[in-house]
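Heads up, the thing below is written out as structure tokens.
When the chains are written out, they are named A, B, C and D in that same order, and each has its own residue count from 1.
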């Protein structure tokens, strides 16, 4: 597998799996406006997943489609961040995860818009606009619920504590990332950390949330070593394609 | 499909799906003794499912095995009672459902022990002993929790109210049942109702639970019209056989 | 009363009634019930299709389905707003739903059991809904009529998407064809029930027609639906589950069997396959979401207190 | 003290210590910690395998796996009973687990990601556990030794079942072979860690060995495990993930790489892949089950009050 293919899978799988998690909310959100907004988020993420996985399939050149990559790979072939496969738990966890990811994705897409690979730059430019909207929205919600009632504050803090060990993976470069950064295809992941921290610190300050001190970071998603949750997600997501192979939908 | 095959599927699928629901508790029960007891229940039900589905496959004579029937049929081909596919909700619901079913199954197995079909009689005789044990245990638990604390009483009553509309299906004969009863293969299902009611009334009296007045009964499981829950259950249960067709495990 | 007469004359002239206009109590109440139920139907209607979003078979199908369910939430929002112009808040209506004092369309008490049901719901359920709703674009109450205009535009889009799924299934593999037929078998009669029982004897219906809150009789619409749908069933190569359906050249329409109205009233009484599950899902969403709504309100209050102080 | 000397002499003579016998505080405390951790490991150890019960691929595999996890719960029960003879209740030990004051075997903080992991856990994890446990059948504390006899009998059965799954996978389809190798790759080093770090420098270990609570050094057992397992890996046609492993004819055993002990200590500190999930699952089971335990106790109290009154 080439570094480019791997790198694209990471973007594609991360947006794919997060869109799936967000779509689980459909019809069950705390308010009608949130139902609409969550569906919107999931839709934009599916859109990104389609573009990244589509390009990954093209780069691979093995005749696979974005759908093949999404529905017919085995769990150990998925390359998404562990963060996005974690369960929804409650609305607070869902929004906190979204905020942590959106801030990263916004920065990432801005850098990718100037990628040396024109196809990547084109996708990133297209995705960046929607991403900017989501980035603002999830931050606003984290602030409002962090600085809301005592209960909403406690729930947001516990969500932050739970997800914090999954943040580091987004910024930890491995040989694939290093190769892509060397060629100017991807940014240097570590370089995203400072602006991410700056913005996140602002958000948490407004939200009266305490950023955990631990620097420990789970790794594994990018190399296919997932949590037990992803396997369960795939039994649902891939069900029809697996149970009825060869059918057209 | 012959009536005999259909009738055996109903027994096989009902024990299969209930064993699956009970097995979902594994490692999550309220006390160690309950973990062990629930696993025991699930195991005995799997054993019954293996025997019923094995005989169904033999009767069908199409070269399918019990595993083929369990793992490779589509959701509309399942013939279990709706009662057993309902979600676990909490321990109270799980035990209430078990009690409602165990009382039926105990009576059914006693009758089937004298079936005109020797193979059915042999299976029923084998299963009846374990069933007697479960029947007693689930009744004791319903009594203890019904007549326990205020909370445990309320939870058992709400479980009873939720499951009550799914009781009638066990006693409602359709043409398949009628044909099987005519030949002395199965008992007349309606005839099980009076002894079931008598015993259930005793249990509920001891449990200080109020039997709902409604006689409404959901139908559909026996003809393959299920609730939305069964489809989700099958995505999990059938996953490996569907995702990796042709493999041996 | 003279006021009532004048009101009726405005309606007869085809004028629109607007929120600030005088209106009879019965008109207001009937509208609140009708618009509220319609809004609730959009909300509860998210659930049967939401049941398949996590199992949608392709990325595109998933996006289409999500967008559709999102539209339904949007329709709910338009309709709650229309109801609010009559002096009833969204929260009041929601509580009435959750406490069982208000209904939603019974069709959503039927389960979605295979992917083909996503086709059948779009094709038959949205199809029947549109047939009910298109005339309501000309209803006498202004805000309601305007909401219906927006809704109808989107619904017909949904119906085409549903038919497209049905096509793929009906022309697909053996298993897919089975799912398609099975979905049609299960949804045919419930779809016919969506127009309601024959309104020959209903006093309510007559009054609603006079007020132009109801534009056609249930039987008219049902006939129209059957006449429109039968050729589509043929086109799909499926079989209508009504063995007695037949073209009647004299009346220029199909003769067909009545649905089982005892089932209809059973479902209405709460005994449909999914009534309990649907209400439980909505109640859980409402209760689990309480801390979020409270949190957002508390924050908004802090913000406006801050702004006032500055 | 003379008492301590006499106690040590009994142990040295190979006598069993029984619950009512005098014993040093340190002996009691060390045993409580060791037996309690072992019991907790059985309980938490239900979770990684429980994760696949609902996805077991055949009825027989499901039954075998369920029976195995049930045995683990049973082992937990024996061990809590053995601990109770030392004056600590099951509830006290459970609270210590849930509050993080007591540990369980770190191996259960690794996830089970494919069905092959059911093989690897039985084969490698139970294999390593047996190696640790067999000598404990001769441990100095009577109730503990007797519990270990029962446990060891069942564990070796489990190990064979695990190996059987591995066989099926390693000799199966391409995908199955991948799962098998992948499971071995993930569980090899964590299994080696199960024997603990080299105990050359540990004062605790020396005291435990003198008390016959610990019977062999960690390094001895680890070597034995590697020597037993390598031929099995070859037999399965899989590849050991340690590139430097090699037969050493001089010592009559394999030379192999040390596991990454920094990972070991990280997992011990709570940073394993599943620590949080495991503890959350146990805490949820405990909290959700409170009303059941309370209900059963309340009912039992009513019953005995009734009997007393009669």
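What we mean here is this: a contact is a pair of C-beta atoms (placed from the backbone, for glycine too) under 8 Å apart; a residue touches a chain by one contact, two chains touch by 3 or more.
Chain by chain, the UniProt names read as follows: A, B = Ring-1,2-phenylacetyl-CoA epoxidase subunit PaaC.
What you see is a predicted model; the values in this text were computed from it and never measured.
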| item | value |
| --- | --- |
| Given chain B and chain C, the chains that contact each of them | A |
| Relative to chain A, chain with the most remote C-alpha centre | B |
| Inter-centroid spacing, chain D versus chain C (mean Cα positions, whole Å) | 57 |
| Inter-centroid spacing, chain C versus chain A (mean Cα positions, whole Å) | 35 |
| Numbers and ranges of chain A residues touching at least 2 other chains | 235-236, 239 |
| Two or more partner chains touched - positions in chain C | 55, 175 |
| Chain contact graph, described as a line, ring, star, complete graph or other shape | other |
| Complete list of chain pairs which touch one another | A-B, A-C, A-D, B-C, B-D |
| Contact footprint of chain D on chain B as seen in their complex | 16, 20, 23-24, 26-36, 39-40, 42-43, 46-47, 49-50, 53, 66-67, 70-71, 90-92, 143-145, 147-149, 151-153, 155, 236-237, 239-241, 244, 246-249 |
| Interfacial residue positions of chain C with respect to chain B in the complex | 48, 51, 55, 111-114, 175, 178-179, 182, 186, 266, 271, 273-274, 276-277 |
| Chain B-touching residues of chain A, taken from the complex the two chains share | 232, 235-236, 238-239, 242-243, 245 |
| Parts of chain A lying in touch with chain D, wherever the complex brings them together | 74-76, 162, 165, 216, 218, 220, 225-228, 231, 235 |
| Chain D to chain B touching residues, read off their complex | 43, 46-47, 50, 53-63, 66-67, 69-70, 73-74, 76-77, 80, 90, 115, 165, 168, 172-173, 175-176, 281, 284-286, 288-300, 302 |
